[in-house]
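I've put the structures underneath this note.
Same chain, two partners: chain A is paired with chain B first, then with chain C.
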Partner chain A sequence: MKRQILAGNFLASPWIVTFLAFWLFPLFYSFFLGFTDFRLMRPDYNWVGWENYINLFRDKAFIEALINTFIFVIGTIPFTTVIALILALLVEKKIPGQALFRSGYFVPSITSMVVIALVFTNLYSRDGYLFLLAKMLGMHPPENGFLLSSKTALLSIMAMDIWMSVGYYMLIFLAGLKAIPEELYEAASVAGASGRQKFLHITLPLLNPVTVFVIVINSIKSFQVFTEIYVMTKGKYGTSSAVYFIYESGLNRFEFGYASAAAYLLFVIIAIFSILQLGLMQRKHY
Partner chain B sequence: MKSISISFAILALLLLLQCGGGKTDGVVIEWWQFWTDPAIKPTIEKMIADYEAANPGVKINITDLTWANGHEKIVIAFSSGTAPDIVELGSDWIWEFASTGQIAPITDEVVKDTSLFHGWTPATLDSQIYAFPWILGTRVLFVNNALSTRAGLKDKYVPANWEQMKLLCYKIDSLGEDIYGFGANAAEKHTLYKKFLPFYWSTGGRIISEDGKYAVISSDRCYQALKFYKELSDSCGMIDTQRRLEDAFLAGKVGVIISGDWLLKRIKRGNINIDFVTSLIPGPEYPGKSFVGGEYLAVSSKSPHQREAIRFIKYLTSKENQILFCKTNYSANPSHKEAALDPFFKDDPNLMTFVSQLRLSEFPPPDPQWVYIEDIIETMLEEILFKNAPMVETLYEARNKIQKLIDSK
Partner chain C sequence: MKAVRLIALSLVLALMIFPLLWMFRVSLMPPGAGLSLEELISPALSLLPYQDILTSGKMALFFFNSLLVGVVVTVANILFCFLSGYAFARHPFPGRRFWFYSVLFVLMIPSHIVIVPLYIMLHKLGMYDTYWALILPFAVNPIGIFLVRQYLETLPTSMEEAARIDGASELQIIFKVVMPLCKPALAVLAIQVFLTNWNSFLFPLIFTSSESVRTLPVALALYQGHQAIDWSHLMAGSSLAVIPVLAVFLVFQRQIVSGITAGAVRQ
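== the complex of A and B ==
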């Protein structure tokens, strides 16, 4: 038995070492760094207590990045959730080409974000198709393209993100829909319930745990929005996000202490947001 | 149990191999560099092979970096004590590494060579030289000759001052709705300020006073330069990213842009059919100044082979090798002054524009805090150019921020 335990530990050791070295240690070390003025390449650093956290709240760039992140989260999640649910309901029906639609909607979520961001950068530019389409429809897109205007840059990135994410959440909703017992719908039909009533009183309530899951997961992901901003605007035109701010502070200016404090602040915000969402949405269990 | 024993045996063997491997007689110099383009890489490899053949016992190990994350890798390598012997640095990174003692002062070894090379400003901190200038890069004015002649200007017209530049841009801009006079940069990081500063420097303006004690950007000269640049940008400018401006210039949609020798290379390699001329960046009355940056070679202060590393750097930056490099890469700005006299440059009017502009170019002020100062200048430009913030107040705000940085040293 002892030999088996030893062998098990030996075989698991690469993962354990990786976990300790690259996950657990950085997690605690960055928490410690958040209370110092540590900068890469400078061997001396001082304990500054809460100074980094206080400075973050005085830092216009961080506050702007945080506001943008909240706009991104609040602006994308309702749309992503509702569209994903509608798509799940549509592709659940047995229609010709059902598999094609399912795969079609899912493909963007398995495509590299960098690739999608580059494609959309072109689509949003002054000679891009989306720009020209907007013009053809009589709209007045910003003169230099959607991404080079503070009024439209963040909204454009949000729209792209919704387009990219819905397929993934559609699949989760689809799994949720499949788990609802068919008998409930049959019983409702016998009782004379309309399609709308079935949706409101069977589908939606029974999908509640899935909806909570989708919203929480999507919120966490949206709070960490980075790649698309890095590729499309580099945080310019009012698009800087909290994670982009952390990247700039940490990997551009190498202010690891300050960046660590910002990262932990974001962690606390995400935790509070997730707990609130879980609390609000899991009141009813079916 | 048997399988565990085998696993241990393999692990032990691997460790033994690791310990025994990598042992080489002589000197091994690790060199990190950014030239990964297949057009130039074989030339660099050939230079290394020639050097190794001429110096038995010396081996040069080359590692490629990319501009996307090379800076991060270098910083992490220096921080973790795993930096290479020689590292290629962008001109605006040198102060950061020099001020923290990561790269070695090489003054004694290179002081005799200083008169032969351009570009010592960013390599010098507190009277010590920390890096060797290799290939520099300035920016010049590109004018679409087909558009300017269509606009009624004489063939090969180039503006010599701001008034002429304004006239040229306005005339081209009035050719049609899809044609713009001037390619104005959008709020693109590390780019926008490089396009504005030449106009400011052309007025004789400075960002920091000569003694390094005061921020002096909120001057009347800066106001004049901003007014001129904003006027061009607002009234006849296509505002876009550098790459897209260059695309538009090559497509005949923009008359005048500021760009570097990479655009010449693109035109040449792509066999792009475009009638264009290059000229010095105009100043208020006479040809003005431009922005210059470049590639530098520095030696890690922890390198055990500093002397050998400097020898190799001197070989790489020699006149012959710089000419060879520039010919292969179609680069316009060798740091070696004599290399620039080669017929390769003299016979090509566009390359000569770059060679001439280099003498009229400035580096950003040598300051370890430049990364923050750059950020402040870019924010100021974004506020004024794209958000129509009041110029005077925004200039003062930027000055105060830079002064705060200077005072905090």
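== the complex of A and C ==
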């Protein structure tokens, strides 16, 4: 028995070491740093209490980044979720080319975000195809392309993100749809239910846990939006996000204390948001 | 009705794959060609952009770095996640519950929180700007442990017990009996870890600075920062980043899908 105990600890040690060194310690370290004025190239640093946090709320750049992040999360998730669900319902039924449609929709989401962002940087630019398309449709896109205007830059990045991730969530919805027992639909048909009724009273309620899962993981991911902003606008034209702000202050200006405080604030916001989502959405049904 | 649905699905499909087709097309442009519609649909193809970036540019090095880091991280994850997952599923050691909760905890917390402290730590450990910085923090992924443990929970222990009665040592049981049984789960794990690592951007961006250890996505993002953008070369580099992903997708589609949906349909 003793040997088994030793063996268990030994076998799990890669994780235990990784957790302690690369997760738990950094979590505490970062929490501590948030209360100091630690910067690069400074051997001594001072305990500053809540000063970093207070300054963050007075920092226009941070507030703007935070607002943009909320716009990004709240503006993309409903669209992504609804479109993903519609696509899942459309490709679920037997249809010629079913596998091709599924794969084609899914492929953008496993492609490198850097590559996608580069491609769209061109498509959104003044001589890019999306710009030309908008003109052809009689819209008046900003003169220098979608990304070089604070009116459209953030919205354009959001649209790209929706485009990229719908296929991923479609797959999750498909798995959820498959788990709904066929007998329920058959029984409903026998009872004379319409397609709409079946959708509202069988599909949606039974899919609820999957929908909650999709919304929660998508929120956690979207709150951390960074790569597309780094590649497409470098945070200019009103596109800076919370993680972009942390990157700028922590790793460009090396204000480690300040950046850590910002990171913790975002952490708390994400935690509250996730708990609220889980609570609200689980109460809605039954 | 069916025809309407097919047309709608096809239009969406065109919308979804157009950007990638555009990327491949631009990457095959002969030198000096523009990006106008006539030039895009013209049959003139050239592999010159690829030749340029692989010979005179450093793209071959960046590709190699991405591949090296991706393979090492994937192999490390297969081994370590398997051992840890096995311990969580089969060994009643003290604190097992606590350490397993730590796996779930890390699965849920947003990783931006460790950017700054890890950056400082890697500097202090002398690992900043080395391959180690790209490998060590990612060598044991909680999602991998989770996958292995869930898989083992569904597996009966009779094979292991039979081997034990036959006098096999613990090591033999682990590597000769349990590991082969876990192959399906390990395949899912390996593919997921490799793809995530291959596309990873933020951490390689901040944990390295010199070209000798730069990965492909970082190189592409930084290339774009230079003066006028040469799109056919940039898209050739981008294609190099996408082709392995597409290849993995075509071969291992089933594993990718089950990796993604493993978490969702748990309830």
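The rule we apply is simple: the second predicted complex is superposed on the first by the 277 of 286 C-alpha atoms of A that agree within 3 Å, B and C clash if a C-alpha of one lies under 4 Å from a C-alpha of the other, contacts with A are read in each partner's own complex, and residues count from 1 in each chain.
Note that a contact is a pair of C-beta atoms (placed from the backbone, for glycine too) under 8 Å apart; a residue touches a chain by one contact, two chains touch by 3 or more.
Since the structure is predicted, the reported quantities are computational estimates derived from the model, not experimental observations.
Look at A:108: by the touch rule set out above, it reaches chain C but stays clear of chain B.
Judged by the touch definition given at the top, the superposed model places A:72 against neither chain B nor chain C.
In the superposition on chain A, A:148 contacts chain B only, with no contact to chain C.
In the superposed model, A:179 lies in contact with chain C only, and not with chain B. Judged by the touch definition given at the top, the superposed model places A:14 against chain C, while chain B stays out of reach. In the overlay built on the shared chain, the residue A:251 is in contact with chain B and with chain C. Look at A:35: by the touch rule set out above, it reaches neither chain B nor chain C.
Of the two partner chains placed by superposition, A:131 touches none, neither chain B nor chain C. Between chain B and chain C, more residues of chain A are touched by C. Across the two superposed structures, the residue set of chain A contacted by chain B and also by chain C is 6-7, 251. Here chain C touches chain A in the complex through residues 2, 5-6, 8-9, 12-13, 15-17, 19-20, 22-23, 26, 35, 80-81, 83-84, 86-88, 91-96, 99, 102-103, 106, 108-121, 136-137, 139-140, 142, 145, 170, 174, 195, 198-199, 201-202, 205-206, 216-218, 220-221, 224, 231, 234-235, 238, 241-242, 245-246, 249, 253, 256-257, 260-261, 263-265, 267, going by the rule given at the top. The touching residues of chain B, when paired with chain A in their complex, are 1, 3-4, 7, 72, 75-76, 78-79, 96-97, 100, 102, 186-189, 238-240, 244, 371-372, 382, 386-387.
Chain A makes touch with chain B in their complex at residues 3, 6-7, 10, 40-42, 125-126, 143-145, 148, 150, 234-237, 251-254.
By the touch rule above, chain A contacts chain C in their complex via residues 4-9, 11-12, 14-16, 18-19, 22-27, 29-30, 33, 87, 90-91, 95-97, 100-101, 103-105, 107-108, 110-123, 127, 129, 163, 167-168, 171-172, 174-176, 179, 209-210, 213-214, 217, 220, 223-224, 226-227, 230-231, 242-243, 246-247, 250-251, 256, 259-260, 263-264, 266-267, 270, 274.
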